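Structure, as structure tokens:
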């Protein structure tokens, strides 16, 4: 099968996100990097792209140049990845969709719910795929959990508990550190700090695994480091469209928690749990039975996850290859074999709307709020 | 040192709680069982007491007989343990306190806040110790955590997360099981189900470790098994008197969680976590440093916990010997060396008041409530 | 059922082993401490016994006095526990057996194979039970493992791997510490250091769980701290009577390993593993299936282990209550309901013979040796 | 920096090893796949190479064609990876080295010690790098362990315990499975089964981490599935050139162990352990201190490992990116910045010589043998 043409915006030299996208896109030979606007400094971006094997004429200085250069080429890129600062996602994503490109956008897809609805509409109108990089949902064992829920192994779901709590912003003396500070500054981060940065991942993960959507919620926010204007700690209670009880805890001051994303789902027929720090296992307990350790690559997993692992059972695979699974789904989708597990603009919108609802609820002392985007109410 | 005289009410043949109290009271040679009213069936209780070595004349048929028989003896019992059904705790505890006995009462100390305040007043007036068996707080490593908080190892505490969630009442087909059903029936369990049964332990544990008290709270309850009138699932957000943010999750439908009691505390200077299923370790992470595994019995623990362990480092000690530590504290207190770590009627009252506040909050959609007993407001 | 009379030799004030035996013997109300010779200092031993509730006339100054005092009493002790220094076990045990007492001897039962054979013969001749405190074999989940092997869950056993390796004697600067030094001094410890101290437990455990006996072996010893005359590190390869392959590693310089006793057994139909630091779980993997976490107290365990646990599933029980299970077996056996899982003089002899075989093999560069005591060849 | 030209031999469509090498070589943009002889079926190999972006003229049918085609090109490949069946490694590796190419050879580098010595001599004579894919040694935390040993954190090393034991060949009914059977057939696997397949990795890892070499050894082999001519179970005791005591266990019938590679190292000043199933952590215990959890990506790791990780602390990285680290070292070495941590032909030879010594020792009932290749004695 011919490799697809891929373009990258952002992700310049030394950036972790750029490295992860390049590993992910190229891991399975589905995409070849043929165009890029990799840096906000045009010359630096161009020279780095050339170093990575991009032809000189497709090593662009800005995303606008790239849009102009690619839109009329016969061999134009099949997919554009947007890995720029958060506040620029909306504009770039929208522009490329409207020009007929498929887009993979980093999270958060947009800063506001209105922008999110706009992206959903544009993608639909243009008939292009707009994916959002909720990559935790692409770990094979996360996909397997969803398959188990759908197959009914847990029976009716009663309860989901998702956490994304770490301790990497717990140093009160570190307030001047720009890599930390912007996240709690409304001018740069928007309406929410920790919820928008991390809680949103837990929220998407919970929706994804339970194949359900948060509908109403109540939130309690705190700024454990008082100089922070936005929350660094949040607890959310919610109910889904399907009537499931949800609890979601996110924190950045939980010293000793490292990555800190995990999920537990409990149903009538059993429960399971998964943690991102050991992504290759799921602990599954059928009602009345023993806890079993499920392993990535074991015999008998559902068909849809088999291709998502590249090495045999018990050989660990990590975060960059979860991103590779997003690209695998994208390649299949672009080639016409749509993958419904791929997180799209609708997911980006729903999770952003829920984050905004937590902000509103927290301001009103935990009053329960509708968490759905207006267009889906 | 002479052994103290001990009497037990409840805890008859085959009861787990009776076995645990007998192991706990006698483990260190501090107490000798000399009196008992062990069963609601007088003959059965008397014969079992005699089998356990109690003299015939002190093998009582009822707690009232025991109260009458012991109150005027020169060698009367130094301590009475109340291990009867929950609804009888108040009456028995109050009667023995008023007759001048020290009492160890099983949790919950009372069914209502009013009764709890009454027990606090009676104990104070009579100058007797009324302890409550919040035995998780007596594990050596739990005591060590509190010592660390008090010593300032964590700096100012910011956040505490306590869970007591298990899956042993998750079987929807099990609604007729009397060992399960009464817990969710307001006629037998009172105002609360899972919060009063398990959440209350997590609440006491959090207060104990952080040396602080819950002040206000907001709760979300659910009956995941809909036929239950009382909650089997609850999430509580709270603030302490000291301004700490608290989150407390309790559930009995979390299939796959076994014991399910754990706590995490995060401060300016570090964080730690402990779980009752591995009670001999604490995971401690100083800010900016690595997570360290602290072991029961390791060199350098604070003096107050050294005597609470009976076997060398890495030889596990479990639940019954945590109860033995409650008795060790009681023996010392009765002999005049008061142990302030011993949970008393004030703790029994405070935790019961907080449970009642969660019930009220949950009924009002999570409205924040004062969690303190009226006498401490 | 009437309590049995129990006498203790050794285990004086402040000794851990004494505390553990007293908790163990009295935990289930089977034994009452009525006689004791608790200390090599007669007065100290007598006064401590009285403090523990022993009548003055049965608070003896020496084991010889106790033997003389008890042998002709109508209410003489039903069981004597020998918890004195290793080199005295043989003499005391033999004397009490010959006087018609049941004995529980601490390990090692004797210092030589010849003495071990003598104890076996004496116990048989006198028709008394001589138990040896291989208490790890009395954890409920260890008993369950043996039940699984016997029931055929693992099919024919192929391989057993047992380790007892810790790091508590790893400090080279600590050579003068008398609590450590004697273990590596042949004048005090006998022919072997770490094998006789710890390896012997792993050896018994492996034999117990697989219901088989080591038959031939090859050993490699090292003194990682060179000033030690006896080994602090040993690896043993062996074969059992049943043809099973064995590997046994024991070390006292393995810094970071805490208790360090664990076992893995692999058969045609599956494998399991257990570690003393988490004694309430077994990890069991049927061939071709997932690893399952078995829990002490779960439904469906074999009948013989049900009584060995005193608290519900997931409430941890530790080392002292494993010793209590030895006493529970002893009480049943003395009352006429013989418990074949109880470790006896034959086990004490077999394990001592195997230790001596490792010493001989290690001296001859790993030459394979017969590990059986002469009387069982 | 310009990308290097890379050629791959073997690793055709559907092969796991091919996928891993392609991910590894391209992950960091150091190598571009420009030539390949990917399959023993020439047409299939050519078409797959073209699909992966190789120019038609460099999509070769055989490795001999590739050697002929590349040797005289100005833009010839900078590195050839040999990922063919084991018995062909020697011939291909030697041929490419002699033609002046750098080579990365899959393990085992050769089938015999003599061939291994020949490769070492050829590589030296030709001045080319011959690397061997002992990729476990390229995990960042494994590199960090070696850095700690070299820096003296553990003081003089006393003891190393390495295991590579899994249960994936434990099914006695599976003897006809060709993916399993060849490993235990001397006609296909050579002199050793499990030692050559897995034990050799543990052996290299132990040598690598301790920066030392096995010198003498004693081995015990077993065929737990009796129809196997070669061993499926082995225990090796050894001593290193530096006087360290070694124990190495490898098995393929250990049901329930998944990947099963782990290592523990103990020195005068502390000990650590690492397991391939959780490759991002090291458990480190300084003598007299607490066990600490070291994390990939934490602050303060030694400089040489910083570049070996692509995502932030606690984002897991797995097996394919350990292989990528081998390629990163190769790229640096080829560009003139020699990386001494890269496993080379000398490592391939030493480990093969030790495997052959275990075979000889096991045949002679564990007689101690010289484990060094003749050229290094």
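Note that the chains are named A, B, C and D in the order they appear, and that numbering of residues resets to 1 at the start of each chain.
The rule is simple: a residue touches a chain if its C-beta (ideal position, glycine included) is under 8 Å from a C-beta of that chain, and two chains touch if they have at least 3 such contacts.
Predicted, not measured: the structure shown is a model, and the values here were computed from it.
As for how the two copies chain C and chain D face one another, over half of their interface residue numbers coincide. Work out the mean CA point of chain C and of chain D, and you get 43 Å between them.
Put simply, the C-alpha centre of chain B and that of chain C have 35 angstrom between them.
The multi-chain contact residues of chain D, meaning those touching 2 or more other chains, are 288, 291, 295. Under the stated contact rule, the graph of chain-to-chain touches is complete, every pair of chains being in contact.
Every residue of chain A that touches chain C in the complex is listed here, in rising order: 288, 290-295, 298-299. On the side of chain C, the complex with chain D involves touching residues 158-159, 161, 167, 170-172, 218, 220, 222, 224, 233, 235, 237, 245, 247, 249, 251, 253-257, 264, 266-268, 270-273, 283-288, 291, 365-368.
Only residues 1-3, 16, 19-20, 22-23, 26-29, 32, 51-53, 166, 168, 258-260, 276-280, 295, 310-321 of chain D touch chain A when the two sit together in their complex.
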